[in-house]
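Note that the chains are named A, B and C in the order they appear, and that numbering of residues resets to 1 at the start of each chain.
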Amino acid sequence: MSGAASVQVLDFACGVFLLAGVGALWRRALSAVIGLLAVQGAALAVVAAALGADEHHPELYAVAAGVGVLRAGVLPGLARRALAASGEDRESEPLVNVASSLLVAAALVLLAYAVAQPLARLEGSQGSRALPVGLASVLIGLFMLVARRKALSQVAGFLLLDNGITAVAFLAAAGVPLLVEIGVSFDLLLVVLVLRVLTVRMQSAFGTTDLDDLRELHD
Amino acid sequence: MNTLLLLAPIVVPAAASGAYLVLGWRRSTAHLGTASAALIFVVGVMLAVRTVRDGGFDALSGWLSGDPLAGFLLMVIGAVAVVACAASRGYLAGERADGHGDGPGERRYAVLVQAFLAAMACAVVAGNLGLIWVAIEATTTVTAFLVGHKRSRAAVEAAWKYVVICSVGIALALLGIVILYAAARHAGLSEASALDFDALAGHARRLDPAATRMAIALIVLGFGAKAGLAPLHSWLPDAHSQAPAPVSALMSGVLLSVSFSVILRTKQVADAALGAGFVRALLLIAALATLTVAALLLIGQRDFKRMLAYSSMEHMGLMALGAAAGTPLALSAVLLHIAGHGLGKAVAFCSSGQILHAEHTSRIEDVTGLAARAPVLAGTFGAAVLVLLGFPPFSLFASEVGIARAGFAAGLGWPTAAAFALMLVAFAAIGAHTLRMLAGPDPLHGSAPGSGAALRAQAPLISALLVVAVIGVAAWPLAHLLSAAAPVSIPWSTR
Amino acid sequence: MSGTMVTGTTTTGAGIAVSVLQVALTVVGAPLLVGMMRQVRARMEGRAGAGVGQPWRDLRKLMRKKPLDPHGTGPVFRTAPLIQVATTLMVAAAIPFVSVDTGVGEAADLIAVVALLTLGTAALALAGLDTGTAFGGMGASREMTITALAEPTVLMAAFALSTRVGSTNLPAIVDAGLKDAGRVVSPVSVLAAFALAAVVLAEAGRLPVDNPSTHLELTMVHEAMVLEYSGPDLALVELAAAMRLSVLLGLWSALFLPWGTATSTGVLAVLGATALFVVKVGVLGAVLAAGEVFMAKLRLFRVPELLAGSFLLAVLAVAASFFLE
């Protein structure tokens, strides 16, 4: 792949990454949200591969393959099975309605752009221009965590957050050391597994996965 | 030998975890966990002695690194884990007696506790910030099912909140680590050394200040979440009150401190890169916010396990204040506080678990006259609370005085005064609640169990209290180690 | 304004001829486009359909009827159809449908075009209020809500498209797209295209925002507003609505599918571009009609969601024009 072509692919993948992130906030059907997460994971893998081509870093191809398998395949698959177990497919009444959520997302994208300025100055690589894309996904994930009420929505928000962090790692520094990357991926997998089991337990203990019903513990 | 010294505290509990997975929890294997915990303590002592004498060292090409602080923390982990593992036998037996326990549940409990110890030891001896993150996040996933061990509605709720809030907080720390890594690579550090504390501190002046500031703020916020510091603290009272008592002891006694030690190490880098003011301001805000939350929620507290959890927050806030002061005296006092609080809180939680088992309630108002009904248990619990309140024979008195003196000396007069005013509120609240539980007439007129057997059962807890008293009266075994282990920042101006 | 522009800055006789051609094309073609879309829909639903010429036959019939004003309506009611037709014709003259060298030149500004279209909408909404009937008021309020929600998107998308050219001049934007094909397929363009597509649907009153063929009181928007018109006035309203649809589709295709638009006023180039323009708008209309077969109208309170989404896409387009270009 020539330099210019890899930059075009990188731009395109970053665009898809961001669109999938905001799309996850847009859709109410949780299965669609999980599908968008898979798209985002695939875009992340493409980002890694494009950076590998751009900076002649063959190791990144292997990382890209691993990221693709984990984030576009395994994690969405786990979330989908948890969804099937919980039997509730809609985020019926989010704390913040969808139209306002989308406006908030627009503001968050601009905020990410402002916040990324000191970081974009750091690196001269192709990726650092697109850093706001990763930060925007982090912020949207955080917003989803606080504004949605279904357990699965929180899992989705957490995955958005984590995809964003990984994107920042790729775009700012072409990825963290391999051993750390493997450890982080392993931890992420464990967290999603744990949350999946807890969703099932919540369903059997409370009869719903609505987080508003978690009111046993308070002062 | 060095490599072995650093690998042993990870491998031994991991092997014990594997052994429990194969053999299950039974009479013959019950002491295995305690033995592995004791070994962590011994390794900690050996590491401390060696590093105080010869200085720190790296192993496995920098992935692991030993220094006096690591040795000290391993000693605390080992000591608290011995208490908690010894108490686990009684806890599991009690569960079984109540008809809740079963074989697979006990096996899972034992496997996860040992894995938890391995992850904490890994976080302590890791030489790479990325690996530390992986280990700390591993403690979250490993303890999730321990928090949810009881499978009640409350336990599921606590486990969910625990995993989500801690994972999100720690993910923010990962973002900070990634940014710090990018800044370090930009400053010319190699891939292997860009997340190494010593290398980072050595090249701190070359780090981009704006990016480093953002990274440090995220790291303090993220590891602060795991250390129970505000604003991401809300998981703590839920998780600590729902987890089995020995697990609460481990989480409150050492896990909080282990995460906090990462902040201490990060502070060294940050102070070298940005000057002392930045992290000091962050820690002061976190300390005062944490203390305020803890003091206010302690006043009207109705649940004694939650009371102990908020007391942990109060002590973490105090440690943050000491770290903000940042002088060698302050940091030595913070480390002494880590040790004293770890043991004291372990005893308090373990005995609170016994109270819960005996009284079948965790509400303060439903437990009265405990001293008349079960004098040994009440004595242990009362003594542990005295430790936590900072009464003189125990080491927390010395460390609190040390932190207060250091705070005033560092020019933090007002924040220190405010913090100790809040401590006083917490002191009064905890004291009053505990008195209500222990004193008063015994409504049931139950007979005290045979005191000889009770004393034997409480032996680990009582000896832990004695240890706290000894290091409180004479800090000689630790004084040298504490001053060597304190991660003092090299002043900015002299670099 | 951009100094790199050569065409479109002066008003030439040939340019005026191009504008006249575009206006004529719009007036004649718009009802045929509507007829074609209805025909596509009918065929897909398994009906024979009334034929492509049916809208023109309807217009002819309405034109022959006697003008009739509802009791109590004023000049606002009577002039509104004329205003809407006039503004739409002006827009048709300004947008570079067939050639970037239109007779309007500098004035062919993206923001001016949007403002003219909104003026037509506002006039009709006032007419709806003027009738004093429940339906007129309801339709007007719904229409204005949708317009108000769509407007920020248009401005944002215009901003995103114009930053790269350094001008909001439509011929300049289309010209830049013609010269550098990479621009048109860039993420900025794609995002803006999706954002404006939602706006086109809303402004033209198509599904899923409004159903042009319904007369069910709970769901109509545009139809409720014009319920009191009859005879030649209704013919003008219908004609204006049809022209609006073709102008909006034409605007969208000029911005995002500029290929084939002539850069000169040569007779052959303009004729080729005209044919290509008819094909482009026809295909877009057919796609829209086919899509509508499978689409249900959104409930009114879900419309803000769609428009907020399109606004978000427009913001992303602006953001992307900063950090990806």
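Here is the rule we use: a residue touches a chain if its C-beta (ideal position, glycine included) is under 8 Å from a C-beta of that chain, and two chains touch if they have at least 3 such contacts.
Bear in mind that the values here come from a model prediction, so they are computed numbers and not experimental data.
Student: Return the chains common to the contact lists of chain A and chain C.
Tutor: Shared contacts of chain A and chain C: no chain.
Student: When you average C-alpha coordinates per chain, which one falls nearest the overall C-alpha average? Tell me, please.
Tutor: So the chain nearest the centre of the shown protein is A.
Student: Compare the CA centroid of chain A with every other chain's and tell me the farthest one.
Tutor: Result for the farthest chain: C.
Student: As a quick test, compute the distance in whole Å between the mean CA positions of chain A and chain C.
Tutor: Chain centres of chain A and chain C, defined by C-alpha means, are spaced 37 Å apart.
Student: Centroid from C-alpha atoms only, then distance chain B to chain C, rounded to Å. What do you get?
Tutor: Going by mean C-alpha positions, chain B sits 66 Å from chain C.
Student: Mind checking the centre-to-centre distance between chain A and chain B? Centres are C-alpha means, answer in whole Å.
Tutor: Each chain reduced to its C-alpha mean, chain A and chain B end up 31 Å apart.
Student: By the touch rule stated above, which residues of chain B touch at least two different other chains?
Tutor: none
Student: Can you name the residues of chain A that touch chain C in the complex?
Tutor: By the definition above, chain A touches chain C via 11-12, 14-15, 18-19, 22, 26, 97-100, 102-103, 105-106, 109-110, 113, 116, 120, 129-133.
Student: In their shared complex, at which residues does chain A touch chain B?
Tutor: Those in contact with chain B are residues 115, 118-119, 121-123, 138, 142, 145, 151, 154, 158, 161-162, 165, 168-169, 172-173, 176-177, 179-180, 183-184, 186-187, 190-191, 193-195, 197-198, 201-202, 205-206, 211, 214, 216-217, 219.
Student: Would you tell me which residues of chain C are touching chain A in their complex?
Tutor: So the residues of chain C touching chain A come out as 186-187, 190-191, 304-305, 307-309, 311-312, 315-316, 319-320, 322-324.
Student: Give every residue of chain B touching chain A within the complex, in rising order.
Tutor: Within the complex, chain B contacts chain A at residues 63, 128, 130-131, 133-134, 137-138, 140-141, 144-145, 148, 151-154, 156-161, 163-164, 167-168, 171, 174-175, 177-179, 181-183, 185-186, 191-192, 195, 208, 210-211, 214, 237-238, 241-242, 297, 300-301, 306.
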